[in-house]
Amino acid sequence: MTTNALTSKSSTSGRAGDKIFSGAALGAGVLILITLFAVAVFLLIQALPTFMADPADISGGAGFLSYIWPIVVGTVIAAAIALLIATPVGLGVALFISHFAPRRIAGPLGYVIDLLAAIPSVIYGAWGYMVLAPALVPGYDWLARNLGFIPIFEGPASQTGKTMLTAGIVLAVMVLPIITSLSREIFLQTPKLHEEAALALGATRWEMITTAVLPFARPGIISATMLGLGRALGETMAVALVLSTGNLIPSLIKSGNQTIAAEIALNFPEAFGLRLAELIAAGLVLFLITLVVNMIARAIIARHKEFSGAN
Amino acid sequence: MKLNRLGSAAAVLSVAALALTACGSDNPTGAAGASASGETPAANAAVSGTLTGIGASSQKSAMEAWITGFKAENPQANVQYSPDGSGAGRKAFLAGGAQFAGSDAYLKPEEAEEAKQVCGPDGAFNVPAYVSPIAVAFNLDGVDELNLDAGTIAKIFKKEITTWNDEAIAKQNPEATLPDTAITVVHRNDESGTTENFVEYLKAAAGDVWTYEVSGDWPSDIQSENAKGTSGVVSTTGSTDGAITYADFSAVGDLSTVNVKVGDEYTKISAEAAAKALETATPVEGAAENDLALDLERDTTEAGTYPIVLLSYHIFCTTYKDQATVDLVKAFGNYAVSAEGQKTASDSAGNAPLSASMEEKAAAAIDSITVAK
Amino acid sequence: MSAMTTSERRNTATPPTGPSRKRNSLAKGKLPKWAVPAVAGGSIILGAAGSTLTGFNVATFAIYSAVIFLVAASVATTVVEGKRRGKNATWTYLIYASFILALIPLASVLYTVLEKGLPGMNMHFLFSSMNGITGAVDNQTVENGTPVLGGAYHALMGTLLITLWATVISVPVGMLTAIYLVEYGKNGPLARAITFFVDVMTGIPSIVAGLFAAAFFGLLLGPNSRMGIVAAVALSVLMIPTVVRSTEEMLKIVPNELREASYALGVRRWRTILKVVIPTAISGIASGVTLAIARVIGETAPILVTAGIASNINLNVFANWMSTLPTFIYYQIMTPTSPTNVDPSIQRAWAAALLLILMVMALNLAARLIAKLFAPKKGR
C-alpha cells in the first residue's frame, strides 16, 4: 500500500514538491549561517571597546592579552581533563550498552544515561561542591604526598577540594551522557553483515569491534566528542560553583585557575562599561577556541570519510 | 493508522496539559483575597499597572517582601524585579529597560550624566532602601566570639596571619582558647557589592595593611579559597574548620562572628549598630538636593557603630513620562522606605531597617518625582 | 593468584591430548565457568588486605580489587586460552569497568537529587506558585515546623512553554538543515561551510546566546523586552546545532542502497527522504532531539536575561516575565527566600530538580514512542 501511494503521487506533485523541499532545506541552512553571523557581529560590536581601550585600563592593568591568556589556558585544561576522562569511559559505556549488555537491560540503561544529560548544570555544580569535592580531599592529600614532585600534583592540596581537577571531573560527568548517547546510537547502526562477517571469520568480540564497529563509527565518535567538548568549554554554572578560582597555577589540586565561561558568569551581573566589553571579548575568544578545535576535528574526519554510508 | 494513533496521543497530551493548567494555584499561602479584608489601603487610593525593576541580588529577599506587601495594598498593581546584579540593573535602567534599579552602589558621575537621556534634565537619584551589616564570620572549634581590630582583620584576609593562635589575635582575646589551626580565608569569587563594601572598610580602616584597590572583585594577588554567592561562602566556611569569611549577617547561620574594634571598644554586630553607621555617613559631594547617596564613614570612632555595612539603593528617575507611571513609582518607592515596608523587609530578609529620620528623607525625595514636561 | 594456578592445573589436567590442543585454536582450552568468579573473589580479598595495610577505606579497597582482578583475570585467560582471547578478555573487563566507573558519579548525582528532592515533592509543591511567599512565611514555617509553603507550578509551566517553543523553532530548522547537508549539499562549499559553522555554534557560551536574543528583541521591541518567546529564541540558538549534528550523523548512516532502491522504483527524492531515509533514522533522530531538548531544558543563564523571573503564574509567552525550573532552582539556592532560614528554599530547589528530571524522563518516553510508531521493522 505504501509503495503504491509513493509512486502514483510522485509523478504528479513530485517536481514541485522536490523544489519546495530542497528550497526549504537550503533556507534552513542559510538561516543558521545568518544567525551565527549575527551572533558574531553582536559579539564584535559589544567587545570592540576592549580592543580600543588603553591597556592600563583593562583588568590586571597589562592589556587584554595578559588578561585573557591565563583563563584561556584554564579553559583548555578544564576541557582537556573532562575529555580525557569522559571519552574513553563514555565510549566504553556506549560499547557496553550496544554490544555487551544483555538486550533486556541495555534499553533501560541507555534511557537512564540519556536522562542524565538533562540534569541542570546548577545541580551538577551543587553536587560537585557538596558531595564530590569533600570526598576527593583525601585523594588529593595522597597525590600531594606521593606525587607532589610532578608540578600538576604539587601540594599542599586544597582542604575544600574545590580545585581544577574536581571541576574537570564534574565536567567529565556532565559530558559523559552526551558522548555515550550519540556514540551508542552510531554503534547500533553498524551494518549487521560486517559484524557477522567478522565473527564468522573467527574474530573474538573485541576483534569484531576493532575491525567492524570502530572504523564505521569513527566520524560519529569524533562528532560526539566534539559535542561534548562544546559543552565542556562553554559550561559556566558548574565550574563557577565548584572551582575556587584564582590565578593560573600548574597544580591541579590547589585552588586557583579560572575558565572563560565561569569568568563571564561570575562577573557579568556586576559588570559595567569597559568591564562588560572585556567579558564579551572573552566570550568572543571562547568562540574562536571552539572554531579552531572544530577545524582540527573536521580535518580528522575528512580523512575517514569513506566509511560514511551516504558518500 | 499511524496518524490516528498519533492524533489520539496528541489529544490525550493536550487534554492533560489543559487539566494541568487549570489546576495551578497562584495563592499558595491561602491568604483570603489579598488584603481586601485588612486595613484600608493608603490614602492615594490603589494604583495599577506593572512596574519593572532590575538590580542587586542582595535585595531579592527584601524585594519579595515589598512586592507581596505592596500588592496586598494595591491589588491592581504588579511589580517585577529581576536580581540580575547591580551593574546589570543600572545598565538596564539607563537604557530605559526598567523603571527603577536596585544597586549596591550609587550612580557614578558619568552614569548620572547618562541618566539625563532617559530621565529628563534632572537625571536620576539614589534612595537608600536596604541596609545589611556584613559579618566577619568564622568556623573554629571551641571559639564562639572574637574581638579583632581592622588591622588584624586585614592581615588575616591578606594571609599575613596564618594560624588562629597568632599573637595579634591572642592579644585581643585573652579569654579565648585559640587552637593552632591554620586559617583558611574564603572569599566571594563573583563580583559583588558585599566584597566591595568589605574591602572598602579594610582600605579605610587599615589602609597601611590593605594596599589594594577597592573593587567588587577580590584582589587577585591574594590566592585563597572562594565560592560563589553568599550561600556559597557560608557553606564552604561551615564545612571547613578554621575558615573565615565575610557575608551578610542575616545569612551566616551557625557561624561565629567577629566583634569589630571601633574607637576603643569592640562592637558586636547588630541591626541597630549597622543603622547607626548611616547616621554618621556624609552625603556624596556634588549630588542633587534630593539625591540621598551616602559615603559611609568606615573609619568612624563613634562607639556602638558597626562600620562594615552594605547599603543598597533604589534608583529612580526625577521625571517619568505619564501620570500613571509616576503614581506607581511613587507608591512603590514610598512603600519600600516606609516604616511598614522596612519592617516587612527585615522580617523576611533579616536586614537592618532604616532609621526614622532616613525614612523621612527618603519619602520626601520620592515625593519629588513628577511627570516629564 | 592462587585461584589462577589451580584453574591452570585443572585445565592442563582435563584435556585428553595436550599437544594437539596447541595446533587448533578453536579447540583450545577454556577457563572453567567458576574461574572468573574465583578470581574475582580472590581479588576482593587481596584488595581488602592491600587497603588495610594503608588504613582501610572503601575507595582504595575498590581500586585495588579492580586492578588486581583486571590483571589476574586477563593473565589467566591469556595463559589458558591464548593471546587473542586474552586481549578480548582484557578489553571486555575494561569496558565493564568503564561502565561501573561511569555509574558511580551518575548514581551519586541521582541519589543526591532523590534524597533531597523527595521530601519536598507533594501536590502543594506541584500545583502552587511562589506568589506571596516571602522570607517571613519561610521563617514561620521553620519556627512552627509546618509543611513548606509555595511551589514550582509557575516554573514548571514556564519550562514547558519555553521549551515547547524552542523545540518548535529548532527541530524543523535543524532537521531541514541536516537534510540539506546529507541529501542535497553533497559536500559543496555551502554544505561544508554550514557543517563547520554548526560545529562552531555548539561552542557559543549559553550566556552569549541569551544576550544575543535579548539584544535582538531589544532592537525590535525596545530595551529589555523580556518574555517567554525571547528565551525560546535564545534556547533555539543553543539547540539547533545539537539537532543538526545528531540528525546529520543519523542520516549519513542510512545505507545508500535504500535510497537507490527507492529511486529505482521511480520515487521522487523528497518523498524518498520523507518516507525512506527519515523513517530509517527516526530512532536516532528522536534520541538526538531529546538530547537537544535535555541540553537546553536545564539552562539557567540565558533564561535570566531573556525571560526575567516571576513568582506568579504566567501562561503567555508573548507578554510579561516567566520563571523556569532551572532559574527557580538557581535563585532558591543562590539567594534563598529567607536568608536566615534557608532550609525551605533548599528543599524547594531539590524538589524542583527532581521534577525537572522526571519531566525529561517523560519526554524521553514520548520520543521513544514516536520513534517506535514511525520506525520500520528491523531485525535487531
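For reference, chains read A, B and C in written order, and residue numbers begin at 1 within each chain.
Criterion: a residue touches a chain if its C-beta (ideal position, glycine included) is under 8 Å from a C-beta of that chain, and two chains touch if they have at least 3 such contacts.
For each chain, UniProt lists the protein as follows: A = Phosphate transport system permease protein; B = Phosphate-binding protein.
Bear in mind that the values here come from a model prediction, so they are computed numbers and not experimental data.
**Q** Looking at which chains touch which, would you call it a line, ring, star, complete or other?
**A** Chain contacts: complete, every pair touches.
**Q** Is the C-beta contact count larger for A-B or for A-C?
**A** A-C
**Q** Just curious, how far off is chain B (Phosphate-binding protein) from chain A if you go by their C-alpha centres, in Å?
**A** Here the centre of chain B (Phosphate-binding protein) sits 37 Å away from the centre of chain A.
**Q** Let me have the rounded angstrom distance from the C-alpha centre of chain A over to the C-alpha centre of chain C, please.
**A** So the centroids are 13 Å from each other.
**Q** Pull out every residue in chain A that's touching 2 or more other chains.
**A** 130, 265, 268
**Q** What are the residue numbers in chain C that touch two or more other chains?
**A** Counting only residues that touch two or more other chains, chain C contributes 333.
**Q** If you look at chain B (Phosphate-binding protein), which of its residues touch at least two other chains?
**A** Within chain B (Phosphate-binding protein), the residues that touch at least two other chains are 57, 84, 88, 228, 232.
**Q** Show which residues of chain B (Phosphate-binding protein) lie in contact with chain C when the two form their complex.
**A** 2, 5-6, 9, 17, 20-21, 23-29, 31, 50, 52, 54, 57, 60-61, 64-65, 67-68, 71, 80-84, 88, 92, 95-98, 228-232, 248, 250-251, 253, 344, 347-350
**Q** Would you pull the chain A residues touching chain B (Phosphate-binding protein) in the complex into a rising list?
**A** 59-60, 129-130, 134, 158-160, 162, 240-241, 243-247, 249, 255-256, 265-272, 275-276
**Q** Show me the residue ranges of chain B (Phosphate-binding protein) that touch chain A in the complex, using the header's touch definition.
**A** Per the stated touch rule, the residues are 57, 84-88, 90-91, 184, 189-193, 216-217, 220, 223-228, 232, 235-236, 239-240.
**Q** Across the complex, what residues on chain A touch chain C?
**A** For chain A paired with chain C, touching residues are 2-3, 6-7, 9-11, 14-15, 17-18, 20-22, 24-29, 31-33, 35-36, 38-39, 42-43, 46, 88-93, 95-96, 100, 111-124, 126-127, 130-132, 138-139, 169, 173, 176-178, 180-182, 185-186, 188-189, 191-192, 202, 204-207, 209, 216, 219-220, 223, 226-227, 230-231, 233-234, 236-237, 260-261, 264-265, 268, 280, 283, 286-287, 289-291, 293-295, 297-298, 308-311.
**Q** State the interface residues of chain C toward chain A in the complex, per the touch definition above.
**A** 25-26, 57, 59, 84-85, 87-88, 91-92, 94-99, 101-102, 105-106, 108-110, 112-113, 172-177, 179-185, 187, 190-191, 193-209, 211-212, 215-216, 237, 240-242, 244-246, 249-256, 262, 265-271, 273, 275, 283-284, 287-288, 290-291, 293-295, 297-301, 325-326, 329-330, 333, 353, 356-357, 360-361, 364, 368, 379-380
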